[in-house]
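Order as written gives the chain letters A, B, C and D; numbering starts at 1 within each chain.
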């Protein structure tokens, strides 16, 4: 990396594809066939750098863009191909570790279904076109009306670039769409403790009481939290209490799992607060009298009725929280995924305040000194807005990248109708997903391992860093371009000021970061790239506490129908993992199902509906129905049915297409009253058996160890006695 | 009877097949070329492998006595010895022998920025993971009686007398038996996973 | 040849004798693992990392249903045993009161491996590193080893996955790790403790005339594990973290019944009583009562 | 033979063989069986070849696509291939039992029936030998199990029971073929003397110049006896070794100490049952009522019953030792056999293998050909189920519960199983038309010896035989000669 960019590209040029092709000949054939001469070929380098040695892997730092956590990665490059990703040990986000989605980014990069060439809609069908043709069409149309951008969570210079472009074409609307987010929690934090992104110290807590927050799976920064969780579990070991209607990955690791009625988390929190104040003498400093009155109304007996949790368990939680300090209360996931979600988050923060956690396990985060680079965090309220605005004709030209609104939006939002009302739609994507298929122009993007970029991790402790993303190899599909390059070109064509100096996005990024870091030295730039990140100035925040609005009431009409939980899972995520065979074949952590969707049901419910494990069931809401197979176990509330998000694509390549079902599509229009987040756990569905029992693809058919000593257990007391407090 | 015959035929056929596939084994001989070692002195006549440029090893390694590792510079640092990058060729051939047609081919490629596509001559099966660097270390760098200029002698253990060839040609069988005999004679590792993984 | 025979024909008696005489004197290394089940969150990152590192084929739904999947490392999930929590089993209204238990299972690299003696062609054997190696190109696919593995951790290539409709359609082939062979149909395969990484580290150490140091070799699963629940190292190196963990847990190799001073320690090996002498030490999952 | 005649025969036939059969008639009857086949033969042949062709197709399919279509899976790596292998190996024990063991104990009633039993041994071994090969994932490398000098300096793993199998089967096959062939030489000479054309050439070549002189007979007797002696321990060891495929493994339900005798007993049992089946078939189709008599069948049935009881005893011993032992997984496997999804097959095995043989105690059954045929086939079905019940339930329920899995064989496996019967049938059908399936010279001996017990004076007997030549010339002279 100590050469100019051209040289860099040069060395990335491979020593031929010998290696991979070779590997495939495998050991099937007798050796005389493989002891061949002149059958395989090898292409020499033109002028490689000193450190490029064929047969020896070189590691380059970059940033994972699988979710908005922004983990640092190292990619192993050999013979010009990136072979394996590992976590970057220098990154404060993931400390050298990586989740399955990070590992699988390679398959996105090498995906056979990537878009190779630009496509333009002609006579109703997308046909391949040249870049010039596509860009010309975009330039022609993009000034023809009110323009808008749809992205996922976006940050760093890509955000700047997209917004510059938006400004240049005279648009103002930017919808950051993200299905799996912590928007409700962050909004509550911002309102109540005056910091949208406080630092959460799992490792300092002795007890964690989590209301649905799947911090090991889908909450803000899973790998970082998993690392903190590991510290939390080292002796003296903390206790994890998870309350949620359907077991998440975090719930699967809980010492006490409380299966509660969907939507009753706020009441549970109030009940715990009541027990704390009345039975454990917790004063509740800083909590308003109005809230205290509310708490007093929620004695455990009442709450037990609302949540369908035994009184004893509520009191046990309170006792545990009172006895072990510091503790930590979190809310997210299914707790915030209903109309009353904000209250659950507010109640969680109220508990933290009561227990004195604010300032110990929840501390102030740091604010970026350059807010224009900061994350625009996507949320599903934006998705709703997008649908409404599009339907109202407020958008004429739409640019979409990094989001798949047509897949994510429930039918009840009428997204497709709105989409069709938009005059001209441009999708920048590397995969032909549902949204790209419905676009007028599709621009093929380079994968995240071929592209330049900068990212602000969604969560950071201590210092704030700008995570750098650099290409690890030459584009697999030569006719694809980086997101920054495309948007830069579009912005230049649209006449955005100040961009003329930059030939490409790399030039822009480099000079922007040089300006940011006030250095122009080649050496330091290489240092940034080698570290995969660079520190940027940030300002401290200060936490305060003022009660949030807690509305405990649930207007739950008990009509005998089940509550659908569209559960977020690590792996498929919001659907972006469905085209990667590794993730498809990586069993879900709890149900262990692969390659298909499933619907979790409690045995009691299943019995009453006459459903057996593996039966196809028909799940019908007011706005549609899906049919999938039942997975029956006791990790779900009897009044709920959980279907994972992520499958059910009608596009997105051979692995994703027609695989499983999409529960998002049948959600009703309910949303969180405060933030407008689409409620994922508030839709009532009727369920009936659709017969036909076909075996499900699962890692394991058994749930128990049958007396074998496979996972042995030891009580925490015993462990503390033998391993001590250290 | 038939079965006895069939059994015998199977065993004999296996022998013959094996001999055919793995070439005739001969004993190891003490190597005057590489002192302190023994190596299987087995000949093999490879086929002529066409190359995009008729590179002459004789001129380079033979007549001009260029060290093997001058061009195959990766050999001591990597599993593979590698093909020299085009820039290395051009390092000399911008001035030397520029009038020759083969060199002009090379220059044309260099100017276009593309690399020649060489055909592999010493191509091991893909389940064999041979490493050059360990062998060079063992036979050349750790060998008190040789210095780096003797690289050719070490290389010739497996590659034959490349310096006498024009376009390289296989002159050793490079079968597993060939490897094993050398490993036994020189106390190389006998762990299968060293080469097969 | 003699050394080759030494490896192939090494028996259990020789092995235990080696232990009684004070260790595995003929071993260069003795790779071992420690997995802390209390830290394991069951997130599956290890399993996917293993797919990425070791050229493991994905088989698709149909073959997965037929249980012909190829994963070398599987993360099993169990719910409570009746003896721990009888209420949760019998009462059909009850819900789980705790989370699940997760168990990452990879080849246990048994030192008295049941798979080794039964292979007719010695395609699986014990390396001088104490590993249970599988030589793919020697394997004829009798599958006896898999039948005899009490852990069910050997997987077989029931199909060929290398063609265009296989596991790696172009350009996915480019991701394949050239340091490992791609296995063809009819070949048994299994976790190798990332032998390519071990060999690379050993080669590097030899090139630099030194020993392999602690932490120099990391398996793919260990490296990616978000909670660092997996530890890997040389059991012959007294300094290594795994050795220390084994000593701390008072688990000794070569025994099928551990005689521990402190029986409440967390360490155990799965199916130790079968006398397979696995190299993977699990630390019990901790439960809050 | 008509129904009535059969009934009459079943009531009247009391001797193993009628000592008054003329030697010439023996030759005539047996040689007649080798004459041009009739329609029934061709139908049987067509069915066999069809089955075998399906097997070939399945094998090619498996060669191309791998072991997947057989529906083998991570838990069930063997299934029908190995159970059918064990079945056929078991089948092969009948020949040894009848010819070698009974030969040594001078049970001369074996003589009319041992030839086809030996052929059965050879052909079932040839069938059994197919299975270890086709079950290989890389069948093209099967010869690697042979210890031959490779250039690579690697040997097979001599610790593996599969290698012992390979040795045992090849040795046993070689010896069985030798035994069959040597015992056939005098008969081949008779055939040589009574045929023309290609047959004559074949028999001339095969009979190795046998002309029945004293020296030849002496050498022949010694050789035959020695091979018989050699074969007995070999046969016992072969099936013991096959049992070690399982007994040497660690799996619950396989790791059983009584497996070697259990397998040997099972082998003899299924072999005997198969003898009954073929006995009835040959007797019916070749009209061998005078040679394959009811009294002989009676003896075979009684023998079968005894062996069945030994087998049942060993079965119960195994169950009891598991039941009273402390090995929980083994106990679970046993219970799963009895109650699990494979239970119908397990109980089928118990019913056919343990209880059905009691039917053989009834004289009425023993004399009722059709019924006995059905019984013998069912006994063999039971024995096939036994092999399946050894292999599959264990694999479906081994130590690690993760691997618990119920598996039903795919079409490829069934094709192989069916094809193995086709292959066996094909070989046997060819055999009965090319070689005499009743030993002519030994039946003559039998007749001779029996007669001697009646007629004290040999000369008198000879006179009664109307100028028949002396025993010395038996087997050599032409047309009705011996």
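In this text, a contact is a pair of C-beta atoms (placed from the backbone, for glycine too) under 8 Å apart; a residue touches a chain by one contact, two chains touch by 3 or more.
What you see is a predicted model; the values in this text were computed from it and never measured.
Asks: Weigh A-D against A-B on C-beta contact pairs and write down the one with more.
Replies: Counting C-beta pairs in contact, A-B comes out ahead.
Asks: Taking all protein C-alpha atoms shown, work out their mean, then name the chain whose own C-alpha mean is nearest to it.
Replies: C
Asks: Using mean CA coordinates as chain centres, what's the gap between subunit A and subunit D in Å?
Replies: 67
Asks: On a C-alpha centroid basis, what's the spacing between subunit A and subunit B, in Å?
Replies: A distance of 51 Å separates the two centres.
Asks: Subunit B to subunit D: how many Å between their CA centres?
Replies: Whole-Å distance between the two chain centres: 57.
Asks: How many Å are there between the centre of subunit B and the centre of subunit C, using C-alpha atoms for each centre?
Replies: Their C-alpha centroids are separated by 36 Å.
Asks: Residues of subunit B that touch two or more other chains: which are they?
Replies: Each of 21-22, 125-127, 175-176, 184 in subunit B touches at least two other chains.
Asks: What positions in subunit A touch 2 or more of the other chains?
Replies: Within subunit A, residues 22-24, 26-28, 30-31, 700, 702, 704-705, 707-708, 710 contact more than one other chain.
Asks: Where in subunit D do residues touch two or more of the other chains?
Replies: Those would be 138, 141, 153, 399-400, 402, 405.
Asks: Which bits of subunit A are touching subunit D when the two form their complex?
Replies: Touch list, subunit A to subunit D: 28, 30, 700-702, 704-708, 710.
Asks: Quick check: in the complex, which residue numbers of subunit D touch subunit A?
Replies: Touching subunit A: residues 138, 140-141, 328, 332, 399-402, 404-405 of subunit D.
Asks: For the complex, which residues does subunit C have touching subunit B?
Replies: 1, 3-4, 7, 125, 127-129, 131, 133, 135-138, 179-182, 192, 195-196, 199, 203, 206-207
Asks: Over in the complex, which subunit A residues touch subunit C? Could you list them?
Replies: For subunit A paired with subunit C, touching residues are 17, 19-24, 26-29, 31, 78-79, 81-87, 94, 96-100, 102-104, 106-107, 109-112, 216-217, 222-223, 226-227, 229-230, 233-234, 237, 239, 242, 247, 249-257, 259, 476, 570-571, 581-587, 589-590, 592, 594-596, 602-604, 607, 633-638, 659, 695-697, 699-700, 702-705, 707-719, 721-723.
Asks: If you look only at subunit D, which of its residues touch subunit B in the complex?
Replies: 122, 126, 143, 146, 148-153, 170, 173-174, 177-178, 181
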